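What follows is a set of notes on a single structure, which appears directly below.
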Amino acid sequence: MSVDIQLRHAVADLYADYGACIDGAKYDEWPEFFTDTAWYRVVPRENFDRDLPLSTLSLKGKAMMKDRIYGVESTIFHAPYYQRHVIGLPSITVREDETIHVEANYAVFRTKRDFPAEIFSVGRYIDRVVFEGETLKFSQKFCVFDNDIIPNSLIYPI
Amino acid sequence: MTSNRREGLDGQTLPTWEGEGSSRVPSPVYTDEGIYQRELERIFYGPHWSYVGLEIEVPEAGSFKRTSVGERSIIMIRNRKGEINVLENRCAHRAMRFCQERTGKVKTLVCPYHQWNYNYDGRLLGVPFRNGVKGNGGMPEDFSLDDHGLNRLKVAVRNGVVFACFDHDVEPLEEYLGEDILSCFDRTFNGRKLTLLGYNRQRIPGNWKLMMENIKDPYHPGLLHTWFVTFGLWRADNESRLKMDKHHRHAAMISRRSDAVTKNIEEGVTSFRQNMQLNEPLLLDIVHEPWWGNDTVCMTTVFPNVIFQQQVNSLSTRQIIPAGPDKFDFVWTHFGFEDDDEEMVERRLRQANLFGPAGFVSADDGEVIEFSQEGFEQDQAFSTICELDGRGVGQSDHMVTETLIRGMYRYWREVMEL
Amino acid sequence: MSVDIQLRHAVADLYADYGACIDGAKYDEWPEFFTDTAWYRVVPRENFDRDLPLSTLSLKGKAMMKDRIYGVESTIFHAPYYQRHVIGLPSITVREDETIHVEANYAVFRTKRDFPAEIFSVGRYIDRVVFEGETLKFSQKFCVFDNDIIPNSLIYPI
Amino acid sequence: MSVDIQLRHAVADLYADYGACIDGAKYDEWPEFFTDTAWYRVVPRENFDRDLPLSTLSLKGKAMMKDRIYGVESTIFHAPYYQRHVIGLPSITVREDETIHVEANYAVFRTKRDFPAEIFSVGRYIDRVVFEGETLKFSQKFCVFDNDIIPNSLIYPI
Amino acid sequence: MTSNRREGLDGQTLPTWEGEGSSRVPSPVYTDEGIYQRELERIFYGPHWSYVGLEIEVPEAGSFKRTSVGERSIIMIRNRKGEINVLENRCAHRAMRFCQERTGKVKTLVCPYHQWNYNYDGRLLGVPFRNGVKGNGGMPEDFSLDDHGLNRLKVAVRNGVVFACFDHDVEPLEEYLGEDILSCFDRTFNGRKLTLLGYNRQRIPGNWKLMMENIKDPYHPGLLHTWFVTFGLWRADNESRLKMDKHHRHAAMISRRSDAVTKNIEEGVTSFRQNMQLNEPLLLDIVHEPWWGNDTVCMTTVFPNVIFQQQVNSLSTRQIIPAGPDKFDFVWTHFGFEDDDEEMVERRLRQANLFGPAGFVSADDGEVIEFSQEGFEQDQAFSTICELDGRGVGQSDHMVTETLIRGMYRYWREVMEL
Amino acid sequence: MTSNRREGLDGQTLPTWEGEGSSRVPSPVYTDEGIYQRELERIFYGPHWSYVGLEIEVPEAGSFKRTSVGERSIIMIRNRKGEINVLENRCAHRAMRFCQERTGKVKTLVCPYHQWNYNYDGRLLGVPFRNGVKGNGGMPEDFSLDDHGLNRLKVAVRNGVVFACFDHDVEPLEEYLGEDILSCFDRTFNGRKLTLLGYNRQRIPGNWKLMMENIKDPYHPGLLHTWFVTFGLWRADNESRLKMDKHHRHAAMISRRSDAVTKNIEEGVTSFRQNMQLNEPLLLDIVHEPWWGNDTVCMTTVFPNVIFQQQVNSLSTRQIIPAGPDKFDFVWTHFGFEDDDEEMVERRLRQANLFGPAGFVSADDGEVIEFSQEGFEQDQAFSTICELDGRGVGQSDHMVTETLIRGMYRYWREVMEL
């Protein structure tokens, strides 16, 4: 099915806002980009390509995402860092069943205090989006990352 | 952080220990390049068993997995008899680390540079143009295929877990582990068929021993890991036992979750969050498994390169691959059992959120190791103080102790003669 | 207020052209992307977040920008390098007062002779744009960079 | 000539799909993004700027591209690696003669086994596209890369 | 640039100076890892005062700023009495560099790994489970909190500027600076309340001493910095004075802008641009401030780690944080005075365009330092020639001299015994 | 790969060779920092000619090209007499590597830091303020411009190719190359005017000698490079000759393409693809050039830093710039001849697809060098076995031999005294 212009722009805005939210450290707003039952997953490309089910992070439902944010902000001790997302052009496909599939490449740069920026995570978003009324939300967001090792730890959402 | 070598004009800094004991570890033990080189020689390439993987990772003849022992790349491969070989990933001709894929299946091991060809046992099968071409060239008369196979490590397989050692004079694995540690090992690995759930890989910018310390340190989980404390997964007041082998190089921390979770101001644990509640209780949906017995947690450190994790329903092996005195790769292999039903698989995967590079109770372990390394780097004259529960070394039935750390360094000092 | 398609495309073109201009070393054309009284600022995220007014570079008005270009090309001695901008999807908001606010994440890669490309600056453009006749121009462009240290020097515009 | 919305979207999709194809390692599909007589070129910015004709890779026509893919997959021994393209907003210009010129900045990240992701190639696509029926294809694709040295070898298309 | 250590098989390369003087500096002084390690020990951690910050950066009790002295991370923190302490950022337990934020306000200093807890004076207040849990474990009888505080540096505060030293036997700051340098210091820092404008941070890939040389070198500004020359901010023919302390380790370059700007072909200065005109004159909107006196510029280098800048209306401290022989971080802290009006604040901010990593007359200083380092790296047998105005060391009332550089290296040779 | 220095506590690892020969090269030869430093001193900066470029790269007086000999940056520049000078890119004043552009044209060589000014011969022309300003300062009486020029290398130009050497006592280029190698050189460079086609630059993470080995190894092309084998460009059964100079440091591999291409299972070459066919035959559109004679390929390795390539219609120089024991930059300069017609230019450009960092038969050379380096890094006790066609060294009329490699290492051992 063809992709109408409204959808194109809604998707573009969704990804721009999503990156801005995380990079702006507005973590409490982050779960609001998802539907109540959405699945958020950060998974190494190795597992994904080999159909190994393990994720680096696998949060099913907005409730679990909120627990993650609480955990990140109140329980996990870590060095402070900035994130910066640069997200490529998304490809949108609307299936027979009207589900909207969106994929986009991303690069996330991390900056720790006293250091230059470094490549933190590069990979592909493999997502599904749905309209809740006027607003577009993620019902699935898989962050499939290429980088074969994680530079120590992954704290904030990607 | 350019180089870790602190060698000044005034010669090499050697670690100076306070006294005979092992309760105060000097900075160079974590930062000195020369000490690290000796560790590779005497520990990783010496008479110590290193974990290399699980049998299920190489299901069939020709199936291989590439990994490392110390800094040396090795190949774990199953031969036609079904045995598992561990071969050094280095061509005998001109040193090529010819195997570059991480896993796969091959007919023979061929080094592409000049197509020297090895079988699953590492035997050199053939050399192109060995007898020359049209009567020209070829290998000398006295060249023997048998002299130029791949370097073959000694292998021990126990209940699906594979260990290897460069030193063929190493004692048998069972002796190496000793009775107590072996029983912890067999508790999880009792011969059941394992299932592979997947991997997590992280590079931690700290000395490899700091990870061993971390898992030999029952003092920190109740303090650093708010998550643990608050949900009683790990508390200083939980029932627990600490075991070591007779050399004190290996250890096991065994504990059981307390049912009643109470504030424990009295010990001044500020990391306890009274009002903390999960929006999604499933995150801690723990189901007791018969083989546990009463224990909900068993963390086993097998010197020098692996940790076997059972944290409630989450199971993993954690492999250490050192890369200099100041960093190591940490490879998590999560697994389950063949007879797990769907819910249990899902549960293990869900609880995996607590562990690994992003885990609620593991992400910060990587962080504290990084910061400790920074502390050692900035002052070679510093020594730690690991004197909780005294300066001696011994088993323990409580967790308010650093005895396991002292145990490891007592052994380290013997082996390293430092 | 809703963002119409013309504006979306004008903004997309503005950012594409802006990056192309700098990366193509057409520095003399660079001031032309701004209004006469525009404020161009390169500022560390640290200062920006803490409301410290210091910038790494702060040029008020096109005249000052021209002086900067003259200074760069005729007075500052430095190693030659290439720049390459990769700019993410911009988010556009039109305020009550009709001012158009645009933000976008960017990554700038630097390549010095005999070296691989390296991360030079990553951050966020926090801009305002206005139409001068048909053409869209920056009335404000803040380059708020994450990287906690600058790799020696910053010569060309970001 | 003005760029109509259909063209904008077709171009955006072309670049998104192109990157996805390579990053997804679907190399056999790669030549299909080109016309039969298209010229695909990977060239150092140094040569390009100095009008030196040498390329790092210069494939004229789809047939040669197929030979390259065969060569890559069946004859060149190399370490396995992932690629990840992050492509910036494309600028489109339609010339008098109706030829469609498209340029876009790109960053390609490479990940080798056991390593973090690294910058592999950054540069600019200088392309021409034409419609073959409904589908847009490259009649020219120059990958002009900034990075002054190639990190050992370049195997897959950029 | 892999390693800077030029140690060949034939043993360590030591710097060989031509003669007793200090006018020809050999390459290894800038490149050798062993020499650098001795510099850290004897200079940065020895009896020398290092700049750590401004009092206004830690306004209240518990306010802290994290920075470094040499390669060691330290915390500048204000205590309840309003005093400023400087503590090493390293937990006494297991070396954690526990303070990771750059600035903030805390109730106490807690190391998260095991929650050892220090007060603003670095005293260890408590240790969790010190007395064990349910009678088990805990710290030994002889464990004393007093023995395990944070390492505390000696501190000197003068008119809002904070210095620290690891060596408590260091002479008082005023003696350390000496009369002449002190008067330059007090000229800017006369007790007025300062206001913080912000920071710039750059990493310069060169030896840290090259930055000191650069600011002790009145020869280059009139040549390298076209901007200076053309607008007469700095010209070889400006009136000026050069001062040093009695050890010649510190220096001040004082100069006044000449009103008439004329071409000076006679000295063959090609960097002068006759036809150069500002499109925006505001860039050089200089307004004289009473406290200047006649001098428009005063650049003070305080050995080993700070430069105090007054360039017309632009004020900053420039801190050196070495990171190996071949690079250092350079931190600019721009400030003004509480009684500055809006125009003056705006003016200081505008003139800041001349300085810092992008500055019209500073960006190229970082560049030339990088290229000098490259030159030293490529030939260990090379020596510089710093013989403008002879080979001796002394005060000067002109700028056609490299005497300040010779002065610094004379002192360096004494301290380093090289 | 942190540091390549394998210096343990137990002192430096020196390479231990098996016997007098050079057929078994120990790992440290490729990995040791100390050995590498001696290589720079004795080989790259010693009495050996290094390739620096082609005359056509500096067409006019003042035209320059910046490149490196070993790790030292140098400038190749043409003077007013039309001669080519090679000058070290390091200012005599304070070591500035002042030339940063790769190529260009200048009036004089000016170091921007203090505008010391050199002519095309490296002579110091002037020093600003040499005589002081208003009677103040300036350089000492005994300062002589002649003592402070740029370091000038000895230069040899032959038929448009430029070589340089830091050691002015080096023998003449013709003697250095020797008769046989000289004839190979003159075959391509016979005085015809060259045309510059362009550059490719790659950084290869391996020891520089591995590239020399690779091009002295006629054993691998017929095995590694499927492309070669299948299209008969290079096959073990092709007619060929291998030559060396009398010191065995240089070599030439000369071969002719066989017309009939047949499967050669008998030698078990698995890289041959019977059914392989080109979709675009133009890729191998080879046209014989008169000057070839019967030979279709001539690869000449001139120790220590250049390879001259003639592979059918593709011509290039390949320059080695070492950057530590574990990596080097490899610079390809492709060229043609002035009298090439358009088709021939196009053909050379098209065949360039086979070479360089992406080349069908060169990309994998860089890869195997990387993997060999990894193999050496992981075990300092390893030695290669280069004994194809025996352990001796000598000319050969076939390609089933590693004699050229043994030859290079025989010379290397003499020079390095290792």
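Going by the order they are written in, the chains are A, B, C, D, E and F; count residues from 1 in each one.
Definition applied: contacts are C-beta pairs under 8 Å (C-beta built on N, C-alpha and C of every residue); 3 or more make two chains touch, one makes a residue touch a chain.
Treat the numbers as computed from the prediction; the structure is a model and nothing was measured.
Common neighbours of chain C and chain F, by the contact definition above: D, E. Chain centre most remote from that of chain E: D (centre = mean of CA atoms). Where the sister copies chain A and chain D meet, the same residue numbers recur on both sides for under half of the interface positions. Each of C-E and A-E has its own count of C-beta contacts, and the greater count is at C-E. When chain centres are defined as mean Cα coordinates, F lies farthest from chain A. Separating the centre of chain E from that of chain F, both taken as means of CA atoms, is a distance of 44 Å. Chain centres here are Cα means. That of chain D falls 48 Å from that of chain E. Centroid to centroid, with C-alpha atoms defining each point, chain A and chain B lie 31 Å apart.
For chain A, the set of residues touching two or more other chains reads 5, 77, 79, 86-87, 89, 107, 113-114, 116, 119, 148-149, 151. Under the contact definition stated at the top, the residues of chain E that touch 2 or more other chains are 3, 5, 100, 102, 112, 201, 203, 224, 271, 329, 364, 368, 371.
The complete set of chain-chain contacts reads A-B, A-C, A-D, A-E, B-D, B-E, B-F, C-D, C-E, C-F, D-F, E-F. Residues of chain C that touch chain A in their complex: 3, 5, 8, 45, 86-91, 103-107, 119, 121-124, 146-149, 151.
Interface of chain A with chain E (complex): residues 77, 79-80, 113-114, 116. On chain E, the positions that touch chain F within their shared complex are 2-3, 5-10, 27, 213, 219-220, 223-224, 236-237, 267-271, 364, 368, 371-372, 374-379, 382, 384-391, 396-401. Interface of chain E with chain C (complex): residues 102, 196-205, 224-227, 230, 271, 273, 276, 278-280, 282-283, 329, 334, 345, 349-350, 352-353, 356-358, 360, 363-364, 366-368, 370-371. Within the complex, the chain A residues that touch chain B are 42, 44, 46-47, 50, 52-61, 63-64, 66-68, 70-71, 74-79, 148-155.
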